[in-house]
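Same chain, two partners: chain A is paired with chain B first, then with chain C.
So, the complex of A and B:
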């Protein structure tokens, strides 16, 4: 039982990070139909920049995070302006190649700057583990889960009720109509990229505090695919539910199936889910229904 | 019978809120669609712009609102003035802020937003945020049905309800000039009457100047002060509404009436029209 609960908690924490990264991915897809393969690199940049600020420049952790996020806002906006905007109106495959290229380019630069060995954050969260009944959990897990959940809730409320959120959903529905009411679609897309970079970076900082940072963390950029295929490419709630589901499945497979099969199941499970979902429900659990009145 | 297209037949006297002078529009650098389009819309009036399919009515409205830009269209000659100021070539978000709002052809409501969220989106450029609530009520005053549907997803509204929402959303921007592109499209005759009555009320009660594009000439001329008829990218006939409806050609081609006032069958009109065009 204890083992099971440990696995569930690990799964939830990993799932929360998946949800954050997938959330950004879905925002970009909704606002501009772009499949962003560089979400994983946004996560890496966030993790490394905050780490460098803390370790090399002795910046207090929260200030370092604030600086990192500010930088990620700029990064998101600049990437959209320089890399994506020239591709407006181009074929989907060209845009996909552009974001793939962006992902490789960013990963190369990151490795040039920070190398490939794992770097660790100094202990920021208290060491003492917390007892939840019979289960012992380290505090960093609970903090990560809490931070991710609060963020996801804040963004959900933002999109539902704030006027910027309403306008962003409007532009996702019909860009020309949005323009006709004075909404600048360019500005909306820039905001979208900024948010996507910021949530991914936060995911990176959280993961970095748990396991340390190395370039292989960018694999999460790929894990986003099963998550959003499961949840629905254009559904924000889908990204959240999909993130936690894949995180949990992965953790369960790692805990119970890997010992039986000698490893490897954990890595495969998300993509098995992806294939199954594509076969039985290609729009995902919450994919946007194309509204057709009868 | 009035001779077609010999400059302005009637002078408005007053200076126009909106003036198009010899406007030429080209799509994609090669497709010439507006070929010297001129019209005047005086403040506080309703002006109808009529013409057959492909005449360039929608293009005219998009040239005014700036929406042409995102379709690779360009004003290449002539000018557009609003309130005495050149607006040709400006970005649509600037033009909306100057007080022009285009209600696009085909309603274009935000399908996955609720009715009320659609209205809020319409008020995007407003600076007086605190009056928005009151203006939502104003819209519900004009379109009571929308009040009952306020939380409904707009995509599931009927065509008529969506048209009401599209016009209400335009009202939320509090424009000085509203451009309406075929508000009657796909609606039952009774509903068309109702919507045009409300357009007239909006004009009178809110003081909004209106330029309405229509296929349904009967109902458009019914509320308008002045009418323009366009063919092949330019104005071929214009006049105060009373004069226009007496014009033999207008009666025949746009109102579907023959000299004795009898309704012609649609097929006959269309056939005849192909042979006799305004500019051929």
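So, the complex of A and C:
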């Protein structure tokens, strides 16, 4: 039982980070129909920049995070302007290849700067584990889960009530109509990329605190695909539900199936789910059913 | 050049060797490649070998992506299927390479066709994601089926023999690769002059319209996946037997992306484009390395920076080509030729 609960908690924490990254992913897809294969690299940038600020420049952790997020806003806007803007209205394959190219470019630059070895954050959260009944959980996990949940809540409220949020929803709904109401769609897309970069960076900082940072963290950028397909590519609640579901599934598969198959099931289960969802219900749990049947 | 060529019927217009000098040109090119190993040293021959294998794989991917419009991020895995199928036949079962090579291609075609079935329901983005899933699942299969594939450790493959001759060095293998590459190019060029090839292009341009015109989408989409994977399988099997070892890390998603980059940079929907792209992407890392050796030779920590830089340059090139010349090197070369066609009286 303890083992089971332990697995559930790990799954929830991983799921929360997936939900965060998937959230950015879905935002970009909704506002501009772009599948961003570089989401994992945004996460990596966030994790590394915050780490460097804390370790090399001795910036206090919270200030470092704030600086990192500011930088990620800039990065998101610049990337959108330089790389994605020329592809508005282009064929799907061009857009996919552009973001794949972007992910190669970013990963290359990241590795040129920080190398490939794993770097560890100095202990920021207290070491002492917390007891929840019979389950022992380290504080990093609880903090990560808490931060992710708060952020998701904040963004949900932001979209529901703030004027920027409403404008973004309008633009996502129908770009032409939004444009004719005097909304600058270009500005909205830029904001979207900034938000996506920021949530990915936060996910990176959280994961970095748990496992340390190395380039393989960018793999999350791929793991997020099963999440968004399960939840529905254009659904924000879907990203959150999908994130937790895939996180739990992965963790359960890792706990119970990995010993049977000698490892690796954890990574492949989400993709099996992905294929099944694509076959049965390509628009996912909460997505809009507008997929064109061939 | 080829000015003053006026075709008067469809057959002439569709001819691959379009103008009188073309036959001569092809002969010269083939003769050049036949003589190549006698003119340069073994290192360059090995580079050309790698280019040849990349050409086969890239043409395969271009048939699927460039000509049929179905996106695949699983090409690397399909190469792996071919390489492992052929490798199991030669190394474990002890069959002849000459049976294993086509059989490896067929195995890849089978698996590729299987993963092509979702293309009926899925388009664009969704198909890309489905093929990505194929890549991850096949990689998992290769690593976690040690009884068949020997897992992460990889397999050692025997060199093919022909008559009494063992093809175990660059030069002998060169002629094998050259023959298969020429076959692959000629087949692909001719494919697009047949009903099947035209159907592929019709599916790419507008599948609804194609279907209205009586093209069976199921048949042609799965065929495109199968043909493309067959090429991938042949390329993989050749690569494995050329290197003598295969392991799962040769067939990762990076390989898939590399091949996509080849056809984007070379030119989507062009056989020649696939060739240019394969040459370019194989030579680029070598050139980068030589440049680095030239400028910073001897720096110990340079290797990993070089690898990272290579990745960054690949990414940058993909983006730049997509923005500035989406039709790739093939189009650039075409423009150059057009300019000189009536030169110096170009107007």
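Couple of notes before you dig in:
The working rule: the second predicted complex is superposed on the first by the 288 of 294 C-alpha atoms of A that agree within 3 Å, B and C clash if a C-alpha of one lies under 4 Å from a C-alpha of the other, contacts with A are read in each partner's own complex, and residues count from 1 in each chain.
Operating definition for what follows: a contact is a pair of C-beta atoms (placed from the backbone, for glycine too) under 8 Å apart; a residue touches a chain by one contact, two chains touch by 3 or more.
If you're wondering where the values come from, they're calculated on a predicted model, not measured in any experiment.
Superposition model on chain A: chain B and chain C are shown accommodated side by side without a clash. An angle of 90 degrees, to the nearest 10, separates chain B from chain C at the C-alpha centre of chain A in the overlay. When the two complexes are overlaid on their common chain A, residue A:166 makes contact with chain B while staying clear of chain C. Shared-chain residue A:62: touches no atom of chain B or chain C. Using the contact criterion defined above for the overlaid structures, shared-chain residue A:107 touches chain C, although it does not reach chain B.
Contact with neither chain B nor chain C is seen for A:1 once the two complexes are overlaid on the shared chain. A count of residues in chain A touched by chain B and by chain C gives the higher number to C. Of the two partner chains placed by the overlay, only chain B lies in contact with A:181; chain C stays clear of it.
Once chain A of one complex is fitted onto chain A of the other, the partner contacts of A:94 are limited to chain C, with no touch recorded for chain B. With both structures placed on the common chain, the touch criterion links A:264 to chain C but leaves chain B unconnected. After superposing the two complexes on chain A, the shortest C-alpha to C-alpha distance between chain B and chain C comes to 19 Å.
Overlaid on A, the two complexes show chain B and chain C touching the same residues of chain A, namely 291, 293.
Those residues of chain B that touch chain A in the shared complex are 65, 67, 70, 91-93, 96-97, 101-104, 108-113, 117-118, 120-122, 124-125, 153, 155-156, 158, 169, 173.
Put simply, chain C touches chain A in their complex at residues 65, 69, 71, 73, 118-126, 128-130, 132-134, 136-137, 140, 143-144, 207-208, 217, 253, 257, 260-261, 264, 268, 304-305, 307-319, 322-323, 326.
Every residue of chain A that touches chain B in the complex is listed here, in rising order: 163, 166-167, 169-170, 172-184, 288, 291, 293. By the touch criterion given at the top, residues 35, 83, 86-87, 90, 92-94, 96-98, 100-112, 115-116, 222, 225-226, 229, 233, 261-264, 267-268, 271-272, 274-275, 278-279, 282, 291-294 of chain A touch chain C in their complex.
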